[in-house]
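Pasting a structure below so you can have a look.
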Amino acid sequence: GGGDGGSDGGDDGSLVIGFAQVGAESAWRTANSKSIQDAAEAAGHELKFNDAQQDQEKQIEAVRGFINQQVDVIVLAPVVETGWTDVLQEAEDAGIPVVLADRGVEAADEDLYVTRLGSDFAEEGRKAGAWAAETFAADADGTRILELQGTTGSAPANDRKSGFFEVLDSEGLNYEIVDSQSGNFTAEEGKAVMETFITTHGLDGIDLLYAHNDEMGLGAIQAIEEAGKVPGKDIQIIIVDGSKAGFQAGVDGKVNYIVECNPAFGPQLMDVLESVVAGDEVEKFTPVEEGVFDATQFEAELPNRQF
Amino acid sequence: MSDDPIVQMTGIRKDFTGVRALDGVDFTLRPGEIHAVMGENGAGKSTLIKVLTGVHTPDAGDILLDGKSVRFHSPGAAQAAGISTVYQEVNLTDNLSVAENLFAGREPRLGPFINFRAMRRKAKALLDDIGIDLNVAAPLSSYSIAMQQLVAIARAVDIEAKVLILDEPTSSLDRDEVAVLLGVMRRLAANGTAMVFISHFLEQVYEISDRMTVLRNGKLVGEWATADLPENELIGHMLGREAVVLEQIERAAAAHHVADETPLVQAVGLGRKGSIAPYDLDVRRGEVVGLAGLLGSGRTETIRLIAGADRADSGSLSFDGAKVGGHNPRTASARGIAYCPENRKTEGLVGDLTVAENMILAMQASRGWARSIPVARRDKLVAEFIEKLDIRPANPDMPVKNLSGGNQQKVLLARWMLIEPKLLILDEPTRGIDVGAKADIQKLVAELSADGMAVLFVSAELDEVTRLSDRIAVLRDRDLIAVLESEADMTTEKIVDTIVAKGGER
Amino acid sequence: MNSYAKRLMWPVLILVALIVVNIAATGIDFIIPSVNDGRLGGAFVNILRRSAPLMLIALGMTLVIATKGIDLSVGAVYAIGAAIACQMIIGQEDQSAAGLIFSAVALALVVTAVIGAWNGTMVAYFGIQPIVATLILMIAGRGIAQLITGGQIPKVQDSSPFTQLGRGEIFTIPLPIWIAALVFVAIALLTRKTALGLLLESVGGNPEASRLAGIRSKGITVLVYLVCGLCAGLAGLIGAANLGSADANNGGLWIELDAILAVVIGGTALLGGRFYLLGTTIGVVIIGTLEDTIINVGLSSQWQFTAKAIVVFAVALLQSPEFRGWILKPFKPKPEAAAPAPAPAEEVPAK
Amino acid sequence: MTTETLTERPARSTLFDGLTKYIPIGATVALLIVMYLGGIANFKNFDSAQVIAGLFIDYAPLLVIAVGMTFVILSGGIDLSVGSVMAFSTMACAWLTVDAGISAPLAMVLVLAFGTLWGLLIGAVIHYFNVQPFIATLVGLFLFRGLTLQISDTDVSMREVDFWQWGMTHVEFGGKVRDGGFWLPYLSFVAFAVVIVAFVILHYTRFGRGVYAIGGSEQSALLMGLPVARTKIGVYAVSGFCASLAGVLAAFATKSANPLANVGAELDAIAAVVIGGTLLTGGAGFVLGTVAGVMVWGLLNTLIAFHGGLSSWWARIVMGVLLLAFILLQRVLARSGEKRRT
């Protein structure tokens, strides 16, 4: 890739940016879109936004569209990791640099994009795992775990799961997966699945619930409350994302650990784009700053939440 | 003539849920003969044909074709074995062109591809041969039912089968076309084709058939040579009782309408572009007005405007002294206009609903959905009309699609009689109906008009029109050309003369 | 009545089989309701409660299908109903005010009814094929819902009585079950005690014949889609109340397929005409039970789709007389030696 | 014999005589052109030839499943399984070539054969057991999504298998895109070939005409002695084949398989077919109409993409409104052309 394309940039340095977003499937995603749109406007760039509704084909089409429109730079938040080679090659042939946001693409395509800015889902899983391994290290009779997975087959679901259990295994925690089902990242299904978990397995003796996102976690909390148990106490709960609602639940004592997945990297992205178009050297991967929060930090962090 | 039989069916039994349609029927068809199958509506004639041609599987019995035992699994198989059939309801696909319908499944091909040019040429030739001139590339749906019926016949004839079966081929046809058809049948018979002919027109049957098999209630009554069975005896066998006198329907000839009374219906310059030229027509209370004309002359279009089924784009219509505005079937029925359309399958009945439900439909519609007819009242009314019109089987809960054609027609009539209309519009009400039922319906029309109901009556049978009508409107080329009023004009000849004369004027 | 019972027999058998599987996997507790905190619970009661939104939508869908139609927009309408109510409630300081909740619910229902009527108008008056007419709102509807929520997921305070619509109970029976039952009774009365059912079946069976018989078929069509929209809106309200939030993007996602499935499992044909409300109810419970069964017998979530496919296939086949005839043939004494191959569709009159 | 010949003219308006069936597709094409011109007037670079060519790259798989769907809908049925079968086929390609190490051409043939077999099976169930097509194929929708996830719940790359490079190898026309030319990959030509073959089959073979006949009236077709069983099962086989071919094309297009790909593709295909003027009730429509329908679908998306200023929700709403406007206009045009009874 290179910064030689994009002849349309205004004299004042303003850019035409094509942004191929995954979709609007969650509050996290909407916050992410909004952050990027706001940042582009603040920086005086023109943003062409495209929502692919979680469909890779639509996203590929959007990227081709941006190439046809001869934008200055393309930002791609890929739905899946594989299958990008051709269209990225086309962008390169057209002299348009590509920056990945949020999720990544397979390693073999590394040459076809300039840099990636985003979260590492496996790392998020590992962070959650590390806390669990530490918290339950003293649990003699084995840690019994329920897992609420994201949409079956989606990258965050796969990575958050594998990262989590990778750490549990490497830390040698004595654990048992009592059940693990998909809640499709939604509160509705999170709650329904949790209800069934409760009727099937009961809650006695269950130590930990690991929910791949806030929404499912919040749904599950309701199910637990309706079953007459106290979330956060009778069962410990880890959620990933860290929305306002998630932190609020934390403040209320219903959540024990939150792994942040930060959507508000719009301004950071604009800086990267500007340097890319200017032809500066940039790192291949720019991590988004993300934290982890335990019960002691919820209260202080809540006001900082943007979504 | 009668060598070995070409088709021999013995002991055929066919049960439908709740009905035994055929019960131990034998049937023999010999080469080169024209064999009529006779019986009332619902006697099982069509079922017999369908069992023979593989539409239905018999529950018992044997079928021999050319002395070999056969059992077809589909009409296609029967066709391949040399049995070509025109079924009772016109069974073509009207989204395809005339030529495609004629040759569906046996199109002339070039390699694997259909040769459309050859197909159209052959279609043209085939239709020319039997004396029809159509645009063979036009979709079949652009032609009237009668033409569609002729196309179906042409298709069956062209298959050049050993056996040709015609189930009520003449129900929508008028004289000329019937003459054409009978001519074709004679020619085929001379070539040795065996034919099965089903019709409710006794004169046609006597004109063309060599032999008759009579069914009643799904049972075989017997087989006769046509020459040996006088008409009244045949009717006796069909109905299972002594022959009724059909000829004289007593018309209490429109004596009771006063000349200066305002007519019930007054159409002035009523018309619709592309379907019927503007016309004037009056109908008085207690009067039967017949519409006569060749097929496609626009009879149906004329009455559809009055019935509110189509919107008129010129002229005005008054009903019962008041001008009619915003005319549609619902307001029409609220005013007391009842309309029995000619195509009962597509426009009349709701096949999946029961006999009872179909009967009360118009009445219920006029009451609105909120006031349903109480069950007891409904059952009583339905039972009453089933008996009055002799609907068989007399089961109000049977899906109407399982009734035979004639009985379906009666259900439709009952629907409208239930609302006690002021004007009853009947489009071909006796099409495909047996002699007994036809007489019943004609008698009913006469009675209703005697009670003061006005009736508009369309029929392809001029005899029927002249017999029933007080006045006759004659149509030609979608134009109402004359209204015959005097007693002396009420003859078939006069109607034909009128049509021909007006045609000559052009 | 007898044929009606026969029609219901196969779905009921499948349902019983599913319940037996669950009992075998998790014990008799599965079916026996328990009372805790003055609220009826237990696995099966939970299934019924969770099925309430699907039930409502499937009931509306049954009517639409009876008129030879189909409504693909119900999932989007569900999201719109939920979004309106939640967005309106979170806008206010006091989220417990009875007036507020009443007007939020009323507004949501009015809007969804209008959307339904719009679908019906497109079908009846503009003559657009139902699948296309409702596809438009299926696409745009979620956009509208997101527009209402601004892409956020509005969260109603747990203390708001609005949530009772999804979580509350009357006489220990969960409120969603009450609502679904009431709507069932209302629709059953509306269609069977008045002539609406007959007129519907008539319009679905043969629209042209119905028109000529003087039936207001267009008005009826609009009414039916309106009811379907209303049911979808109500379902959205229950769903939102249950969670205390409205997810414009995922709420009721693909519920239209489940609803159509429930209708058809219940014996109503997609070709219009006869409809069976009780059958639809059984269809809904089958679908609800199925999802739990997968978890209860310990299958992974990848099995969700496969198991659903197998059960639907079984119901579809069992309902087919031709299939039953074919499968039972070896066991039936045949009067004739030469048994014909299954002659398809032969005695089935034209559509 | 008779002396007189019976003549009847079709009752329809002479101007449109015989043309009525082309009105819906004519309206579609006219509106398509209007939409395209509107795009050119409003957006920079919209007039690039590659914009049109792009439709046949990105929508090649959709075009192929829509063609299969056209057969099914023309016969009066519907096939909801195509999206899942397509995703399954792509996944099977990946699984066979990457995990099982089968040679790619063989894998492709196996996948296509499997898709066709599935179509035959479901067609037989629909025909012989009289199961409603909607339900029978809905089973397929669930089943193949499930099977795809069971093969792999993550996306799989096939880039190491050279064979899959073939599809995106491209041909340039009229020079580089910058110089006003455009390019098309081989897989677009496969889609064109499918359209042409389908056109010929539907219009010039007995099977094709049988499809129309059955769509007009299955009962009549049966009574006319047409091979109803064979034809009905045949259309589902065609659709199954097309769905698996679309899956193979998707494998070529991305060289990757994703278990959640093509969710809802069946609805896109149905929409394209119906927009192209085919009646869902069967018996009327054209495969070329389907091509126009796919182009409308694609162009609507392209217009929204070129605009680029719409948020996720406004994009959906605008898509719905455009679709609505399109369908209403098509209706109006078609109605004024047709002279039918009210």
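For this structure, a couple of remarks:
Labels for the chains are A, B, C and D, by order of writing; each one numbers its residues from 1.
FYI, contacts are C-beta pairs under 8 Å (C-beta built on N, C-alpha and C of every residue); 3 or more make two chains touch, one makes a residue touch a chain.
Quick caveat: nothing in here was measured; it's all calculated off a predicted structure.
For chain pairs A-D and A-C, the one joined by more C-beta pairs in contact is A-D. Set against the Cα centre of subunit B, the chain with the most distant centre is A.
In whole angstrom, the spacing between the mean C-alpha positions of subunit A and subunit D is 35.
Distance between subunit A and subunit C, defined via averaged C-alpha coordinates, is recorded as 34 Å.
Separation between the centroids of subunit C and subunit D, computed from CA atoms only, is 29 Å.
Once the centre of each chain is set as its mean CA position, subunit A and subunit B turn out to be 71 Å apart. Residue positions of subunit C touching 2 or more other chains: 146, 151, 302, 304, 346, 349.
Residue positions of subunit A touching 2 or more other chains, listed in rising order: 23-24, 30, 33, 152. Within subunit B, contacts with two or more other chains are made by residues 55, 74, 309.
Of all possible chain pairs, the ones that touch are A-C, A-D, B-C, B-D, C-D. The touching residues of subunit C, when paired with subunit A in their complex, are 26, 29-30, 36-37, 41-43, 46, 50, 146, 151-153, 155, 167, 239, 242-245, 247, 249-251, 253, 291-292, 295-296, 298, 300-302, 304.
The touching residues of subunit D, when paired with subunit C in their complex, are 76, 125, 127-132, 134-136, 138-143, 145-147, 149-150, 153, 217-220, 222, 228-229, 267, 270-271, 274-275, 279-280, 311-317, 319-321, 323-324, 327-328, 331, 335.
Listed in rising order, the residues of subunit D touching subunit B in the complex are 1-2, 4-13, 17-18, 21, 200, 204-206, 209-210, 212-217, 219-229, 283-284, 339, 341-342. The touching residues of subunit B, when paired with subunit C in their complex, are 16, 54-57, 59-60, 71, 73-74, 307, 309, 329-330, 332-334, 339, 341, 346-353, 357, 360-362, 364-373, 401-402, 415.
The touching residues of subunit C, counted against subunit B in their complex, run 193-196, 198-199, 201-202, 205-206, 208-216, 220, 273-274, 335-336, 338, 340-341, 343, 346-347, 349.
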